Amino acid sequence: MMNRSLLLKLLSAFIVFGTWEIAGRIPVSYAFPTFIESMKALFDMTVDGRLFAAYGETLKPLVIGVIISAIVGIAVGLWSGLNEWFDWLFSPIFIVMQAAPLAALIPLLVMIYGIGLTSKIFVVCIMAMPVIVLNTAGAVRNTPSSLTEMGRSFQASNWEVILKIIIPAASPVIFSGLRLGVSAGFIGAILSELKITPTGVGDIITYSRSIADYASMYAAIFSIIVLAVLFLNVLEKIERFLFEGNNRGYASD
Amino acid sequence: MKIFGIRLPRMSSLILWGLLWEIIGRIEFSFFVPPLSAVFATLFEIIGTAAFQKAMYETSYAFISGVFFAIVIGIPTGIIMGKNRLIDELLLPWVNIFLSAPLTALVPVLMVLFGFGMKSIIITTTLFAIWIIILNARAGVMQINRSLIEMAHSFGASSWEAFSKIYFWAALPEILGGVRIGVIRAVKGVIIGQLLISIVGFGALFELYSANFLMKHFWAVLIVLFALAFTISEVLAYLERRVSYYAAKR
Amino acid sequence: MAMPQTNALSEESPSTADIAVSARNVSKNYDNVEALKDLSLEFPRGQLTSLLGPSGCGKTTLLKIIAGLLEPSAGTVHVNGQAVTGPGPDRAFVFQDFALLPWASVIRNVAFGLELRGVATSEREAIAEKYINDVGLSGFEKSYPHELSGGMRQRVGLARALSVDADVLLMDEPFSAVDEQTRRKFQEDLLSLVANENKTFIFVTHSIEEAVYVSDQIAILLPRPSRVSDIIRPTGLREKDLTTIRRDPEYLDIVDEIWTSLKTYVE
Amino acid sequence: MAMPQTNALSEESPSTADIAVSARNVSKNYDNVEALKDLSLEFPRGQLTSLLGPSGCGKTTLLKIIAGLLEPSAGTVHVNGQAVTGPGPDRAFVFQDFALLPWASVIRNVAFGLELRGVATSEREAIAEKYINDVGLSGFEKSYPHELSGGMRQRVGLARALSVDADVLLMDEPFSAVDEQTRRKFQEDLLSLVANENKTFIFVTHSIEEAVYVSDQIAILLPRPSRVSDIIRPTGLREKDLTTIRRDPEYLDIVDEIWTSLKTYVE
Amino acid sequence: DKIRIALAETPSDELAAFFVALDRAKANGLDYEWTAFSDEELAIQAVLSGQMDIGFGTPYSAMQRSKAPLRIIFQLSKLKFFPVTNKKYSKLEDLAGEPILLHSRGGGTDSIANVIEDKMGFKFGKRSYVPGSSNRVVALIAGQADATIIDLSNKNKVVRQQGDKFNVLPMFDVEASDEALFANLDWIQSNEEDVQIFVNALLSTWQDMNEDPTIISKETNPDGPIGQLPKEILDELDGFYTDAIAGGLYDANGGGRKGAQADMEWYSQAGQLEGDPASLNVEDFWYMAPLDAAMAK
């Protein structure tokens, strides 16, 4: 079974990369390199260390931003899931934030927070936080009441109810919020490198493009997607590790 | 939320925040935050201009088409993935990758593949919205009560009947949830597309106003967008609540 | 015919009666679970046969094979002399978990089987109306399933299966969700259905009392992999007075006998 | 004491026995639903009291009020002479829907009550182990709830309530999900628990037979708004032989009597 | 068919003259549509992949690297940029080793910085990049940067509004192109007629504008993309073009051979063209025929 799914994964990867290679060979555009060219550029970048230097820059706002968003987001989400007043006051802000196209705000942020790390972290946070907050709050509100009642019938304190029942019960939805949040954070980090100051991977993308080195540009894009996927896999592993029993597999099996 | 026995409407706290904004604007805390009332005045001024209406048209056109494709392609794809294990295993990794990949990084690739005009913006919008719609439709189908399907079969339903009379409806709460998140992401997508691909629509207005430091104009357009996104998302949330009565009982 | 026939009759009585459904040497394996193994059983027309056996022994599996919803790994099922290859209009299923469409009203749910058979709206609603009335739900046509109590929902599923007017009714624990009081009423309704219509009922239950009370024939299944261990025909009971049957020594004997035969499987 | 005492005894016998739990003039309104109305009932220590009544009549509501999970709109509940203001260590609840933590293994679920009471890991796991064994689940300690069948899940909830060693056990349809065979075993286990430990059991069921079989006292509730319509004490049965009790005329009399009294409520 | 023009920025005051020229060309029968891209590189990419016909920018490195035969046909504006610093610095040499804020890596301001380093014989400190002159002005005013290089109109704004706080450092003259119009050679040759109309209109506008900068605001179509800009921007149009003409931003001859030669030298010096400037063939980068024909009229 394991082999079959691995095989299918490889097969679908082969189809997609093969299509890319063919499209690059036609070529569909002067600005579209082949898969092999891009991978070679990626290899060169990795070997000469440019890629690591670039990620050193990119990951800083991303990781800081995501950590802040996760901690603050979950805390605020818990609070507004538990407290009606807090929810009334603050959740509209996050709904507005979630719905709002914050990309448009970036120029403003630059003006207020400058071109440094701060405004990039800020961009990551405003992209990542709303979905984390809203998912957490929703999940907390939807905790099955029979579980909290059960806890209370065994005299759990409020903190115990939160830590031992509400958070684990809400964890699948919290984690899916984190997933969407991290992915939005990645979008924010790249956006800020494309729109605020080109550093890190954003710089490789824009600079390669400006000198028409499209293979390097695609290599950089490829690497960031790989990184995002790895990041999310790690998150999934953490979730599996923490709340094993929540994983119930295919409903059909 | 209840206060002194009066039920406060869900979003009424926004009024409070608007007041706070007005005060911050009035005390001239920062050049970047003009008073809300001034922003609204500007809003009424520009809302009639041809430039604004053109931007509105271009943005809604891209947005509506993008969302349309995301829904029309996303829902059936998700349903098929939920039904068919082979297709699911082939597609799921990619759906997950695109859901989590920073799509902004992909935008340059899209431009090359699909051109630089409206088409790419629409595709960007679709790409922002479609993955979560697929995943949710898939999740909706996967949690369908097997016996509903067996019931339909036992009464001799054809595949199309099973699709239109069972799968779609049974997955509807999840589908609507996915569409709501997808639509919200699409608003982001359309603006990001307009900023990164070709500068048209509201993206162009933002660019212009911020480059020239026309803060009132800037906020006015932003408020229009907030309001649009907010309304759409609340309408969908309302629909979702309409069907959620059976969500817990399937 | 006063004595219950407890054994060995499985070979004789079906041959005398008209057989509506017969399962021959049916086996069914799920990936690595052997659910049914070489099971043979015949269901006489116009009678009610109960399947009784420990949880997970394969009762639902057998029912679904008869319905044509599952394919057996080996063996065949014949309904009215025809080999089963898929669902057909001659069989209707009452699902253990009701399988109601939560987004549809009671009347649409009851008419759903007819809808799928292409019956026109007005006609199928008239038929549905009649069966809604029969199961005692008139007045609730416009209600949605979530507005009904468990017992009422089960009756909707029952009405739906009855409305398509199939020869064979496959009922998977049809009274499991109703409270004892309502259940008793249903059992009585079921008995009058069996008496008045020439339909064949296949009935799964966990309750020995219920099986003895409503059945013409009870098949006792072994734990997985399941075969028929015993067939009991409480025929003598059918002529007795319903209000006193529960204290009838014959009835109690059969219950006890089944109980002893099942008891060995309980851990 | 050979005859079942069917009525009027509610006033006498509790005064002679030691009362563990008493509900006095309890009413409960949900927004616009009147669930309980001026209900009074006493539960003697060391005995099992069953609540029997139509679906939706307020049995769960009453249990939750006793548990301190709900506040009555009027009236008070006393447990061991103390007015109930909230949940306490003297009461344990077996939930109708099991209320298991889906992310926790069987042993963690069973030990969860003890965990909340601050018992050290090794000690509470030893205790949980014992009760898992008692309910026949040994070997499943590391499984998760979704890997268990309905009946097994219910037993986990049972083991959890037993493990905290509370004086009063509140059991809301604790055997509803298990098949008849397992259910009978549990009933017998329950009887030996009642006989051997000086605990007070409050037991909700839909099955008249079950109630008569396991109870010292049966309270029959009216449909909503609920009050006690009748209290039946099948005391004479307790001394009889378990294997034959089901054909005992006394037993059957009581079942019939309750049945007649409930029948009026069935639509 | 319509010719497709790829702008490198959204229509604003700086593009007013270009749109005036487009209107003139339209009157002469040119059918066109335009798309605004967020930066020059995208416009280049769009022309490279054939999705656009004519682009904005100075695609010298793309010309050398890619296999596509891109040619410049008209110089729109010159690289008139100005080092602006706070009072700490008063001449270019003071910036040795100091951090500086530029537009983008490989862009025009970057090339200016390269040439400054080259000519003055020093190196700047850390270069950071903020796209948009106005954003760099904000950074400067907010004290997030001490030195930057900005365009003419923003320089004038700073001088007018905060002249007491900032210095404009004196710098050598630059004749090279900042923005030019370019297209694929094959396309130019197969659309000779359209290109000619276009270049004629551009040249006439550029010449008229050098005579009288206010013709831009006069000729601007009130229903066109420029006419639709907020009043706050339109009011400054005359001022902008008067300053620009005075500052020599717009060459009345559309660059031509002189401009091309300046580009060769400049971009080689800036490191964006490889090879000795003398050995570079202007014909590989510019297509002079339409401009020559327009000049001949």
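Going in written order, the chains are labelled A, B, C, D and E, and every chain counts its residues from 1.
The rule is simple: a contact is a pair of C-beta atoms (placed from the backbone, for glycine too) under 8 Å apart; a residue touches a chain by one contact, two chains touch by 3 or more.
All of these numbers come straight from a predicted model, not from anything done at the bench.
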Chain labels contacting chain A and also chain B: E
Geometric centre distance via CA averages, chain E-chain D, whole Å: 86
Chain centre separation in whole Å, for chain C relative to chain A (CA means): 52
Where chain B and chain E are represented by their mean Cα positions, the distance between them in whole Å: 38
For chain A, residues contacting two or more additional chains: 28-29, 31-32, 107, 111, 195, 209
Residues of chain D engaged with two or more neighbouring chains: none
Multi-partner residues of chain B (each touching 2 or more other chains): 108, 112, 195-196, 207, 211
Each pair of chains that touches, named by its two labels: A-B, A-D, A-E, B-C, B-E, C-D
Chain D - residues contacting chain C, complex: 54-56, 136, 149, 151, 178-182, 184-185, 206-209, 246-247, 249, 252, 255-256, 259, 262-263, 265-267
Interfacial residue positions of chain E with respect to chain A in the complex: 39-42, 44-45, 48-50, 59, 61-62, 65-68, 101, 104-107, 128-131, 135, 138-139, 142, 144-145
Chain C-touching residues of chain B, taken from the complex the two chains share: 145, 147-148, 150-157, 161, 165-166, 169-170, 172, 243, 245-246, 249-250
Chain D-facing residues of chain A, complex: 144, 146-147, 149-156, 160, 164-165, 168-169, 171, 243-246, 248
In the complex with chain A, residue positions of chain B that touch it: 1, 8, 10-14, 16-17, 30, 32, 85-86, 89-91, 93-94, 96-97, 99-106, 108-109, 112-113, 132, 142-144, 146, 181, 184, 187-188, 190-192, 195-196, 202-203, 206-207, 210-211, 218, 221-222, 225-226, 229-230, 232-233
